[in-house]
């Protein structure tokens, strides 16, 4: 159980400056937008989940709310902000970069914004990647293109080297846009900053195409990504329906979490089976995939299977291989299922037209859709407010439509995943009408 | 302040049947998905908003959670469900119709589903609109097309005639997809049902392109709609930038609520001014629109104004006219501003290339995007669960990512609108850098 | 060289009926739209290609023009038309089916239109596929969905069985939408019809995702398909640019013809190398792909390779396998190149981030874009006019913006392909700046 | 009748340099792509249109073919090329700018490319618009955004001032992307260049959203534009079908030519009436619009009217007003028809739900689709080849799938329009089934 203390966000110190909010309005100030200290959001809001019913509500676990503070820690006229994007691509990276830059320039009057190239590598001088100045001009229109203008890479750098570089450039706050690995890296940088007694803030904006970061609700770019994946399901459905005994097999991203598979399948209501890492299944037996597929094809003439890449790994021999980040290489479940289905139909002398679809990286290299763009802009604004206020070792997130601050340790301690007994998976079961228990 | 009693949802009676959930899985049942009575969601989850701190949390206002119940009121083998779509179009109507039909057939085994044509008119025999059977076949693929296969219309019908019709056809539950007017109509039908002592449930699925229904969070189709509107803003920006002193003026829907204007403006970060009904503004004076526009065009060479149709009505003479539903006809604020801007530039001898954009109905006649499709499917599933459980006089909604039941009286008592002191409007101010106070 | 005789289109006999064109206009007729016999289109229109300069122009090879005839062969009030779609999917199939149906009903008053299911299999009673009536209602809106409502399959059926079936159902004209194999099948049916002395017309509408049918200009659905493929190239470019030494490898369709690769590469000007079956290349050597890729990555930091599936087959061992249609299975050139590139960078100790993209069937299962929809509608109208006029053993096509009739034997005698010395390939070379000679 | 002499393209003089084509291939040259003098394309290729049957084919009117020449006029190492975009926006302008720049840099090694800002105004120093350098870097990715990075404006400038400016900057060739007015302006500049005996080439790339420039086939951006317009027709159809007696009225661009109306209507086969400037119609009478609309609504329950803005001007009083370019202001035919339809239904006591759609500028501010992008790239390549070869006073175009050179005087002497007795209009009549003669 998450405690109130766990949810406490760190600050570099007491606010020392008045916020320039609304300084662009001649002769007028407003304070109605400032966040106050008791604007906290309960960790749980469902009666059956609230465990501290006896205690006063002030002691219940709650998140700090994001937004502008009346008093801020850094002096905007001298402040220097760094921005870095790490890990795999995700729709919306350029929206975030643009909105961070515009918020700093337009709203706070911060005019020293530096982008580091190719992830944490750009913070290590050995890689020879010169940082770039981010200005309203240089970020104009970048949101219309996928990817990140800063480039990206996987993997960490020596925190001592990174902090040396931050100090050398006079960076006051570093905004890290990245996944759980990158947030772990950010936390290590915070520790090094602490060790040296520096006042450099580190603010994370969580990025994950798999939507598997905990506490923050849906991650930016996720809905753009699953909308792209849904197109492959539609295509698979069209192909399957056009053939006699047509089967479409669609493999989507999702190493540990089946969110893309679930949402893309729900989007067009055309999937007959959804297979995700969180829910085991067998191929054989009365409730196994093969028998269920046979029935579905017999009834409807065709069927579509949506498969997360990390599903059914227990059915495969371990690969024993790992990638550069130390992640275990996944076994090829798609080929395994494909062969099994083909063999099964062949053994029964049934015709089969199986078409395989893999949208792959195509779902993450596109620009963010309108909703994700709004979300990116607002996350970026929240991150800038947090940075100006002197917060550190935290990420911003939108949890149940509230923008909140979450300590980094909380988001890297575990992965978010589809609850097999939750309402999302139930919706998938209702939509597909696949057997509840295929294990 | 909303009380716990206000949030109580009505039921037709005690559940009398076991839910057939998972009956499609031979020899197996599961109950982990069933909603229990203490799965209630707090009305407020922000400490500063919770007014009943002294009271036990069980007495705080909270919503009933949506989802399947272990025991249900109606017998699925005999149940007859009616579906009707009312009011203006909205992306996702066909998704909802399809998902309601599939949920009833596939999950509960209800095979009597009747669609009424052209709104409440279809429930009045005088209009001669024969109802249509909704089956898995007849709803296949309809989600790929905008509009509603059932047709729609505005306006109410005599509740006595409607209830006569429901009785005549043996309808056990009526699912009404419509806006606040239609929900008022649904409530009137409930009253007539009550008066006669009948057991007919009425479940609403709120539909509003303007996102102005309270308590339920974002309404379905809204994000598809504002994404379409955002395209006009992008076009206006492109046109304005291509000309010397180019000004783009984009008029979007929003009679009372500026949500479409705000979200579409945030989506591409290209709007310079957003004008909504909730925030008054003047044209003249130091902080008036004309002077601010002058400055922006002088600084950037061009500017884009996004205008909700209901904005600035106090600047216009009253039209005195009302439409068929009794809504007052709005004055033409777009033409008013256009003339004023043209006169202002002419008076100063400045060149001006003003282009006007009005996406109009185009934003509501498109199919739902992937996220809205998922949302529609899940709302429909929730509505069906509520209908089967014997609930009535309520709507389903997703509030802070939870599917909840809300009594109809609560959603028709007032309109939801953009809070001028809230974080959405602040994000707009940050994005546009328009003067905070133009009034 | 194609002769005038080769271009002669066959007719079932003299026209016997007046066309009902414009019969829907009370009391009014028009003949200005009728095609006359001297509306022929020259086979060649470039001076350097015209080989018969001495002869009168009337003797030069020329195509019969498509369009309505004043006098037609069949009696619309009794005529029965069959429609069948064969082979792989292609954007626009449903547009064609719809437009054929509407043209017959609305324009000629033909109300007996029958669709055969799943390709030629639907014409063989052994497959038990009941034909379906095509009516304006049943085809409403089908153009908004990919695939074919009739279903499709590969392979031929015994022509005697097919003609028996046509006779049994009283089909007067069969419209076959399919590729070169299907057109060969259509020709065989014509021969069987001839042998029996029947008056059944067979009209083809050529369908090929690869754009490889000769004489007819661009085939329907092709531009929709390459637009989809171009999205993968954009994604590959975004991925490649976001990484250090990023290489995107995109495999697109194109067994024998590189049109999809060429057009999709030209569409966004982001490809660095295009490899097609028509132009041989080597991996090694000064102008080989590996060295050229090395230079490009060194210069630009990243590169994108677009690869038609049938390219470079001479570099691979023969597979020796054939598919159901007797086509040889292609070797896996993508994996071959991928391995070679990875080995090459590894051998030189250079970092490499290679991402592979394969849009696959996704490019052919989408609905037609607006231009292809127009094209499909007009091809379908032309095919109906030809059928009504009693033409047979021919296909319709648009050649240099003229709708023409082409005898089937001409379109199945060879494949169309990218001319290595033509202006399309030159445009690709200009766009990519890849070495002209990589062989 | 166009004569051979009319089709002759002017040159600045004899070619003096060898083309650097393929210079990027070490040690290798190719000449198979070079265009030779007898690569001419016949003006007419339809037998019934060829008027000179007695004459040798060499004397028939024919176009010069576009493409690279083996010998060129300008020295690429010193050459300086100017680029300007004029008139209204059109999808693909940025594709053209990008491809011109890349072709010059990559292929010819020309590194002095200058863009003039905001149309011809940028060539008049009085407007204070500094020209910008166009480089591969500055044009990267611009094709993904609508509009023109150079800006644009309407209207001409004093040719003496323009030529002074060209001389001052040392421009050798000016590439003008614009409509018929801009091509007239280009011709006037040529005349001034001639008068001074200078060797400055002027090459046009015709741009017209209305597709109304003669001789060149479909203009770039046109298909992107009508695809956008088609979306409004789809929306109108959806709205009309969802209502009782629903009528959708869609107004699209087209002052003198109805191409957008025709093609967008054909694209989804959903329009019931298409009204264009070229074909007169009446509202009243047996075959008038009102009676025909009445019948259609009675039969189908709804109807959609697609209206080009310049249609039916004879039904309206003359406006007497002209715009800055001297074009007469069009009367508001949409409002006229709308009122007439509303009055007609009201007079008959019939319910009516009329929804008006005007996609407006939205159709021209979008990025080019994939096919238009390919077309733009190839037009730009052709224009650069012509400029290098020393051609002048000409435009490039694609006519019947051949890239050709057309003298400017030919393209400004008249407008292209929809032939009321041609096959395009016939296709529209077939698709809509509207009365052939509504006049």
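Letters A, B, C and D name the chains as they come in the text, with residue numbers starting at 1 for each one.
Throughout what follows, contacts are C-beta pairs under 8 Å (C-beta built on N, C-alpha and C of every residue); 3 or more make two chains touch, one makes a residue touch a chain.
What you see is a predicted model; the values in this text were computed from it and never measured.
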| item | value |
| --- | --- |
| Common touching chains of chain D and chain A | B, C |
| Chain pair with more C-beta contacts, A-C versus A-B | A-B |
| Whole-Å gap separating chain B and chain C, where each centre is the average of the chain's CA atoms | 44 |
| For chain A paired with chain B, centre-to-centre distance based on mean C-alpha positions, whole Å | 28 |
| Between chain A and chain C, centroid-to-centroid distance (C-alpha), Å | 42 |
| Residue numbers of chain B (touch at least two other chains) | 144-145 |
| For the chain B and chain A complex, residues of the former touching the latter | 22, 24-26, 28, 30, 32-33, 36, 38-42, 45-48, 50, 53, 56-58, 62, 65, 67-68, 95, 98-99, 102-103, 106-107, 143-144, 217, 223, 226-227, 230, 263-264, 266-269, 286-287, 369-371, 373-374, 377-378, 381, 400-403, 421, 423, 426-427, 430-431, 433, 435-437 |
| Residues of chain B touching chain C in the complex | 141, 144-145 |
| Interfacial residue positions of chain A with respect to chain C in the complex | 89, 118, 121, 145-148, 151-153, 231-232, 234-236, 238-239, 241-244, 355-362, 365-366 |
